[in-house]
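Letters A, B, C, D, E and F mark the chains as written, and numbering starts fresh at 1 in each.
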């Protein structure tokens, strides 16, 4: 078990990050996720990650659920259990049904296969794929 | 340079796979992508990959562009240059603008950071993320 | 739970490896770390890993703590929980403060981002980076 | 070859990032590295990466060369050729001798082996490694 | 803990997959491995994986144990604990002795080192290795 | 292009390593592979890698071709182009036919899929897989 710091025991900078996240999600800061409790000992890294997450999920051209699926795809490729669990939960909350989850998995697994085939056969990039 | 087999020199089973793909994409089989020219020596693996790709991209609940973005996200996480080039091109053809590409990259990079933070701090999964 | 072999139950070659490590660290062989208890069933692999670790950490041009940070950086990139826990502990024993740990994490996370950016945009190596 | 944008053709926000880096390194903005020419199409991602790199390498508790070695270790573990070439060059400029490079490689390779051994034998974390 | 579905609670398509595997292995479907209980919510992905596994392990030119060792080697390189545990067990059932396991590990670890050396030193492929 | 050192320009320790390999393979030391020309600047790392490779491929319980396939499987999972090219060539020289290569690829790709499925669904290890 790594060192987790509860909200009430955090230093002011860490508390401020947690309060910002809690306000945005409309939850009690005491119920903040473990990733923030673990990061609280390194407030600078914590502030930067919170800012990067906020900016990545700010409303834009891509749908919020699509962003969760992109995040989840990276997490599966990187084999991060915490991120698969947390962003899987987020994706479900943002509307991912079992059918969509299955389609998503089919694409992830096809990509995994395509990646390994391209490497194993050392396939050179087609000129047609290059940007003009 | 690995061994690439041109369409005209492929064995019948490999030719059949290429013809199926060319028909679906409305292109000349002679212009098939390198990945299929490299796979042509292993027709069984080729047939299975073609079937898996077709099934993954069959119209369903997820938008075709969303599927390309999921495929691209996995390919970046796995660092497969061929797949980044080919599915980047596909994504642009299916409507990915520069703005969307930038938003996509912001999510991919946030996920990368989240993945490494979760591992580096050995963050335990929150009970709230578990499926009921 | 994998098969762990306690020091007292190890075969002579494995015991000898453990005794060498215990003597160098001034600990009781019975308190050897789990990695050696797991490796004890494969004495040749064990001997070679012990020799490689010893050679890598022999006093030289790089500071012992710097070597631990390099080891830890590789372990985070590779997402090895055991190695993150064990070499994180080693780094703290060799003088890593929370401030240094935070700086270290900032570099590791910047490198992670740089790595993925270079791959995602398929950046060609600048001629100026090549060695003469 | 991916799309690289020369300094003179960049949009104002990208130009500003390049000018900041060029000033800090005392070089002509026209000679900026390829990674920034590739990123110039996505100014927000570019600004954020430039800020993160600057913060990671700001003078602190860890020596500038040590930070380069940490960056290089992550890049080797992640197999990013561009980053190995660029930060290998940076490390040499900041004082890495061939002797230090060889010691560094010995630690990186020992870590790689340790990582795979810990995973292959599924070694459980020793209680002694946990932080209090 | 992820959501595992017991055989008796599976939908008909998932049940059919499990029955096929159970028959081939001569076991009670209720004792099917966890991977199939986890996949049961996504019957299409499940059917495709079962078919791919069956085809990969169909008797051919390579010995069944050799196939398990190849599978295990990939799983160690990818650091998949479940697959290391399950295919390690399969390999032992198909005849892997401790001596063979140790030899196998020696090759896996040498490959790991060779892979990282080739990347770290950016070694160009020798013309002699190219296929004619 | 990285710095490659030709045999005639190597220092004595590096020359000795190359001569040992050349003698074992019955080739002219001037025709040594690039990996050794790249490593020649770090003779200690070079000696250790040569020794580890020799020990891994010493005749034992596993067939020489099987060892090449294990090495190749790791190299594909790790996406090392140099190692895929070099050990693919070695495997062909040691008797890998196209049929065997295709079977090998089928197992490698099934393993890749199994690895990602186990991670994506966070499958817990079955008690039956644990060693007694």
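Going forward, a contact is a pair of C-beta atoms (placed from the backbone, for glycine too) under 8 Å apart; a residue touches a chain by one contact, two chains touch by 3 or more.
In this text, all values refer to a predicted model and were calculated from it rather than measured experimentally.
The fewest steps needed to get from subunit A to subunit F, moving only between touching chains, is 1. Interface matching across C-D, A-C or A-F places the copy of E-F, with more than half of contact pairs shared by residue number, at C-D.
The greatest centre-to-centre distance from subunit A, using averaged C-alpha positions, is reached by F. Subunit B and subunit F, compared by their mean Cα positions, are separated by 27 Å.
In terms of their C-alpha centroids, the spacing between subunit B and subunit C amounts to 35 Å.
Residue positions 1-2, 44-45, 48, 52, 55, 76-81, 85, 105-106, 108-109, 112-113, 115, 117, 119, 122, 130-131 of subunit A each touch two or more of the other chains.
If touching chains are joined by edges, the resulting network of the protein chains shown connects every chain directly with every other. Within the complex formed with subunit A, the subunit D residues making contact are 1-3, 44, 48, 52, 55, 130-132.
Those residues of subunit C that touch subunit A in the shared complex are 79, 98, 101-102, 105-106, 109. Note for the complex: subunit C touches subunit E at residues 41-42, 44-45, 48, 78-80. The touching residues of subunit C, when paired with subunit D in their complex, are 1-2, 4, 33-35, 38-39, 45, 49, 52-53, 55-57, 60-63, 66-67, 69-71, 73-78, 80-83, 85-89, 92, 97, 99-100, 103-104, 106-115, 117-119, 121-126, 128-131.
For subunit B in complex with subunit C, the residues that touch the partner chain are 76-77, 79, 81, 84-85, 105, 108-109, 112-113, 116-117, 119-120, 122.
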